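Chain naming follows the written order as A, B and C, and within any one chain the residues start at number 1.
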């Protein structure tokens, strides 16, 4: 949302990409710009072109930024915490829109987020990261229903769920690791409830848990969450 | 002991451009909100930005004076408070804020920060204060020798514990929690939520919890109030509201809040547009421009606040 | 917008009124001009005549009223010392000051902004350090010393530039630089820090992500934002210049 330059009008910021990558000028440029904006369902796009970013709401700014990203038909879109600062209902609007755009263009999306709810509802495959490494990877169903890595399991148990009245949230002890001083072996070991001596010695290899599902863990097993 | 707000209203004046005096309009941040918190329970106030929930919290903390409506503590209206009453209120109602990084003064040692809420003349000697500080630090799971350190030496979760310890110093009965875990890393939130729950059971605390995180609110709340554009649109027992939301906005809100399991594609209610302008709310029901079930009546008449089922309140023409 | 401008103009008038009132009070407090003007041998009669002539026998509020009215009409009175109209004195000196002010301003902006930007872009490098040393020197050197040194070196030793007076562009170089050095240092540092802040922002990251040429990112996206505080500051400086660069002008003998 802070991706838009406060000193330039929206129109400039969208058209410069199109001009650079597609070499369009004049009316054709303008048409393409309006098309990009309307794909993200931005109302009154023609007027918006002359606005500055502060004249738009948070949700609208995010759509403009996404329109810029999608304007030159990319093959891959990396969305880094796209809805973190947005309200829940605006977030729902945005994610719905993203799905639409994806269905229409076939673009691949890497969605970076800390919100498991978003992952559960929008992702086909998930990679769970900890201390700079991917500790588990698989399809969404696999990772949520049968998480193999203790960190994934712990996360799923400690997050409050809007659809469940949990009796208890199981805490993950300890603190997130200091990246400057990582221990040898598995970085999650200090906080892991299933820690073994081997975990402190070497970083675990990928253990296959199912088709396309792996976890880097010495004691991994496809235990139900 | 009950803390209750009746018809609380807070309008902020908007001064026009250059003229220092002329008031151009009013931001109706909170408009006729009636809620109450009884000892030992947690009232969750949920809503999105612009709903007025933060202003409501500030009204309860007496950080803002209500434009209209009454705030009653133990039956007495705060406007009729004597100095002693006010002192007692401040002891009984404390707060924990959202950002553990800015709510603790970086220039003060933790012990000093935690002891701050004690009134100036509290009749306690230095040793007693130190003992009390140590006791609350124990309660929140921090070491007693933390008192000698500075906030920057602690992580986000630990700082929030310090903030909670500070709120416990005066033996309060009510704590206003303003987004207590929103600024914390997801793996740490459970620690703080569990701590709050434990403290509530152990000390008989009541919480007024403001949150935009519906999952966290569900975990802690016994009762829930949903706010939209300065008004409460639905209130009732927490589980009941979550399992059977009555007001269309609550339904949309819960539909938008994503659960933790990948379920079969369920019907999501996606609202169009954005929350109304607080300067100029729409006529009739404030939600009608976005409501998927708006009727003609909704555009002209504001719905009444009614008890639609036992313990379930809402303001909607559908009922 | 018009309301804002009207408001600012009114504020300006108000400030001016306050200033002239303070001047009025101070001059009335600081002694009797009658004694200054007259000879030691003057008689009481002479004193009386002069007092009446100067209007000093009138009650204060009346004096004040006349004072304000005259100023509004552009009559600033006559200098107590030289007996010539004050406006004449001002017109004698003002052009020189304005000239110097403009050139100094121009120089400091011309030096300060590009160096500041370059410093920010090449942060930590040799150029950055050199620029910052240049800035620190500029802000710590007293103007009179710098002025004298420059005159000595360029004017006397090298004989390249005139040592004083005014008349041509060459005459402006040394005093403008003397005056401008300090401010160019300030502008440099402000541009640098403002640019650094801008360069760290998300929209610059985003602009780079778009694939735009780095020069475009810096000048089109970065500069506009970075210059905001610099412009405010530069204008304030310029106003100070106009207010008088007494020391420099005296050293460089630009006052008649």
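Assume a residue touches a chain if its C-beta (ideal position, glycine included) is under 8 Å from a C-beta of that chain, and two chains touch if they have at least 3 such contacts.
Keep in mind that this is a model prediction, so the values were computed, not measured.
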Subunit B and subunit C share contacts with A
Relative to subunit B, largest Cα-centroid distance belongs to chain C
Name the chain pair with more contacting C-beta pairs, choosing from A-B and A-C. A-B
Let me have the rounded angstrom distance from the C-alpha centre of subunit A over to the C-alpha centre of subunit C, please. 54
Averaging C-alpha coordinates per chain, one finds the centres of subunit A and subunit B separated by a number of Å equal to 29
Subunit A partner contacts - residues on subunit B that touch it in the complex: 48-49, 155, 157, 185-191, 193-194, 212-216, 218-219, 238-239, 242, 252-263, 268, 270-272, 274-275
List of subunit A residues in touch with subunit C within their complex: 2-8, 16-17, 20-21, 65, 68
Within the complex, which stretch of subunit A touches subunit B? 57, 59, 87-93, 96, 114-118, 120-121, 140-141, 144-145, 154-156, 158-166, 168-172, 175-176
Which residues of subunit C touch subunit A in the complex? 201-203, 205-207, 210-212, 216, 220-221, 224-225
